[in-house]
């Protein structure tokens, strides 16, 4: 149970940190429809985080809030792509394209997990992330083929996000420890490519040549952007230790 | 004249006016004004709460707050669409908002610097909004009335959540209780002023009531609201900041103190805590999104063209 | 081999069975009926039974245990429903109820009862279409709940709550919510 | 001493919060010269904050760090203009124009204070803020008369900043309590106008008509931007209470 | 040929080459490469530290860090100006940086997620930089040598401040000590690799030494650095993460373990922790500043024109 919990923790952190990023779009989106859409996607993602963290915490007698609010940066296990600042709308959309495709592949696989709870969480989530992927795909094509400026911004976003893609499929000791319950990250590359590459082709975008960054989020190595994100997320809870909200 | 008579008859019968029906230009104008102001309030109202999403002190509260703000965006969209049936486009309404010509609810010109404000906004501000809006479910204009039915149901969930935030704080540590009381102290009077000036000084109200766009007077609604929140405040264990507040058994209502209408006018005219902030943020979001909307237009045109070929 | 006829059958009765595992009689039935009256705070015309959110009622050591399932992973109404179920049961003579949130099998709009669909339409929300063998039939588009026209268009797929999309009728102009197939 | 300390605290908070804002420009300025300039101005401003907070704290047996890191939002006394997010370069420049003119007027007056420490701090600071005012004036004119885009941005910045100007001259109970040591805020309006209005005229900018906001920073009423600023500023110090750095 | 002989004579005499002197094109090219790389390193090097300014745990440390980052911007400016004396403009050098053609010190492709990294960067990274740079004060190209004299003085102040940050942490709580050790564990090997590959594998070094642009070999400088930091680590009470590190009384130097040069090459070729991050942030700052630079140009042109009239 402890091993499965560690695996769930990594997945939960990915979703939590992404939801936190998406949450700051609200009331700043380029149109009202996108305020709704990004809010909706953020909420789904937060829902996945809550299910996963609650499950992880159940092994250690900790609540989702203990895990979200009272761990320090080095104890977080999110992969670095989820920590990326929002940037402009194009940058957020490209990040959403990548992570929604990754989630789709992941949750499809995880729905077959021998761990009944993970399988149940994934089976619910997979339907939701399919919508997120649709949304990101639609906008990627629109922005890439819209105006000169939107294309330029989409390219900049793609270049900023892509060096973090490889890390998604890098080894995860927590996954290796529970091969039946977990989905092996390396095996997700193919279904991911099958989801993302056709969208890039439709958008007339090439996979950037820039080399992959080293990553290491699953080992507690984080980009410099996570610290300030956690500072804001945790400030109120930590100011009132033990309080119930 | 026949059309006007038909219109008046519909109104008198408590029947609904539909988009394709004839209506007096002044009725149409009043409706666009009221519905777009309502829509603007929903989207400006996202700001004080949106600012707390990243700092919500538990994941459950974060989820509830996200859902609420998303709801407000959805209500805004819904109301703009309903108002568009009157022949004014959303772009026109937004331009009026951004240029400062159109109003939004003055309540959002107050600041929300404390987490407890998420509770007060839900309990008092949404509570007052519902009290204002429930009668609008019977508004004579069909799309507006029907929109309000759905919106009111969802808003009452918001009010309940606001109440629960305050309840959790009042059941919490001394610091949390102080936080809740301090916040209610700030929001109580502004919430009461959300019903508008006293009836004696409210010129627009009379015509709106005649047209059954509006169903109760400002003072009636305000009284109803006070009567509703007093017992709720007792459950919370929170003090409403009005020394003159007491039950009047003769009237069968609560008496309450004079409100500071000079302050109300002041905020209405821009000298609030946040007026230019709210508008500046809205304008900035709109301006920064221009390239996105342009790209979407360009893409839509391109695909439309290629489909024709 | 499943024939076309058998598939049609599966869309009818079996779905309804999964949707409402209502106990036939006894205290389970009484407790079920008490819980079934609780409404979804975000779509208050629907009870949690209409929605298919109520999954089961049993008694453990004399206390009722109610299974509910969330519609969407992030749905914040679950906490409110949980509280309301406990209160509703207590009011009907079943104190000390526990509410258990189950995720599996995942909720689907196919579990929404016919009564629920009717109530939604009356409330002005276009109900979700039924799936035939897991495939959503999008052939006809969404019917305007006001004038019944199929000449409608989606304004935004993401609506004020996760379960809804915003549509507009091209004929009567009415904006309306559509409860999305899920 | 307690009264003077309260007065110094407000002035110190103004400078501290502004320095924190300016500090996040570094490594993001539009040209290297401005990385240096904004860094320099931030550092001067932080220096003023430290002198003032150290002096205020000396009355209560508290260090500058006790005051900066361990007070909550409602205990801060900064006026709201100093809390304004940086916005773009034009917005920062306009804010700098306003606050540098205010500081110049303030420190000139304060150099005559009957309180020797305040007078000494001000006498030093007045020379530095004169440089800041020069810098902001130069850029205001340049941006206002540069390109169409830079003018548009300057106007937007001016409209965003100006509603906070009146608060600078609003009553400050802490100043009223020590009339000899303090500079009366209302008296600063005239010298402020004398410094700022000619710059606006040279830049062909009009004073915006938008009404003043209510302010209240000296009473602990803050804009919604201060909370996140403090969350970031205080996070590390609060994670290690009692630590020495 | 006479010019080349004169140039060689100046070099042989340890005299300085000045901008107006003739110099071999390859010498000029090597200088521009080295000086601009140095300038780029200063400005990219602002990022990992700039990220901590807003969170520095005391006002004193905040001030020191601000001053340091500002110093780096100043050094960058100074070095670009010195390099411009060789006929290459700053814009050209920046374009080369932004397009990825020009290099900057690979050390900045490591992340600085901990406050203790502000100590390690000062003590180890600036320490290694100084060890590299002190000999450059005697570089044959006058403007470069003179720039380095000034820069080295300021950098040694930075090193001392880094050391003090670590010293405070090592004298602090258990958590602070662990923070310091963890950070030094990460920075030790990368700092040693700042001196470049082993002499046997460093092709550019030989020519640079002949021209007296460079004065000591990579391995000589690395040894000198290790000998310097070992006693400093003892004062700190920090463990340098190298089990093979020990004093060799025969050599009169410290022996130390093999470095992972495959990792070095990996980072150099883009697969570090932060390569594309650093470049993206630099590019974004430059792109977002375009309108400001354009406005400054437009204004300068306008005033120049009006002055002529």
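Think of it as A, B, C, D and E in the order they're written, each chain with its own count starting at 1.
Methods note: a contact is a pair of C-beta atoms (placed from the backbone, for glycine too) under 8 Å apart; a residue touches a chain by one contact, two chains touch by 3 or more.
Please read all numbers here as calculations on a predicted model, not as lab measurements.
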Interchain contact steps from chain A to chain C (minimum; 1 if touching): 1
Farthest chain (mean CA position) relative to chain D: C
Most distant chain from chain B, judged by the mean position of its C-alpha atoms: E
Chain pair showing more contacts of the two, D-E and B-D: D-E
By mean Cα position, the chain sitting nearest the middle: A
Euclidean distance of C-alpha centroids - chain B vs chain C, Å: 29
Where chain C and chain D are represented by their mean Cα positions, the distance between them in whole Å: 56
Centre distance in Å when chain A and chain B are each reduced to the mean of their C-alpha atoms: 34
Overlap residues in chain E, where contacts from two or more other chains coincide: 54-55, 284
Multi-chain contact residues (two or more partners), chain D: 227-228, 231-232, 235
Chain C: positions in contact with at least two other chains: 74-76, 155-156, 159-160
Set of all touching chain pairs, with the criterion as stated earlier: A-B, A-C, A-D, A-E, B-C, B-D, D-E
Of all residues in chain A, those that touch chain E in their complex: 73-74, 156, 159-160, 163, 210-216, 221-224, 226-228, 231
Complex contacts: residues of chain D adjacent to chain E: 16, 19-20, 23-24, 26-36, 39-40, 42-43, 46-47, 49-50, 53, 64-65, 68-69, 88-90, 141-143, 145-147, 149-150, 153, 232-233, 235-237, 240, 242-245
Chain B residues within the chain D interface of the complex: 48, 51, 54-55, 111-113, 269-277, 280, 284
Sites on chain C touched by chain B in the complex: 41-45, 74-77, 79-80, 123-125, 146, 155-156, 159-161, 164, 166, 168, 172-175, 177
Chain D residues within the chain A interface of the complex: 72, 227-228, 230-232, 235, 238-239
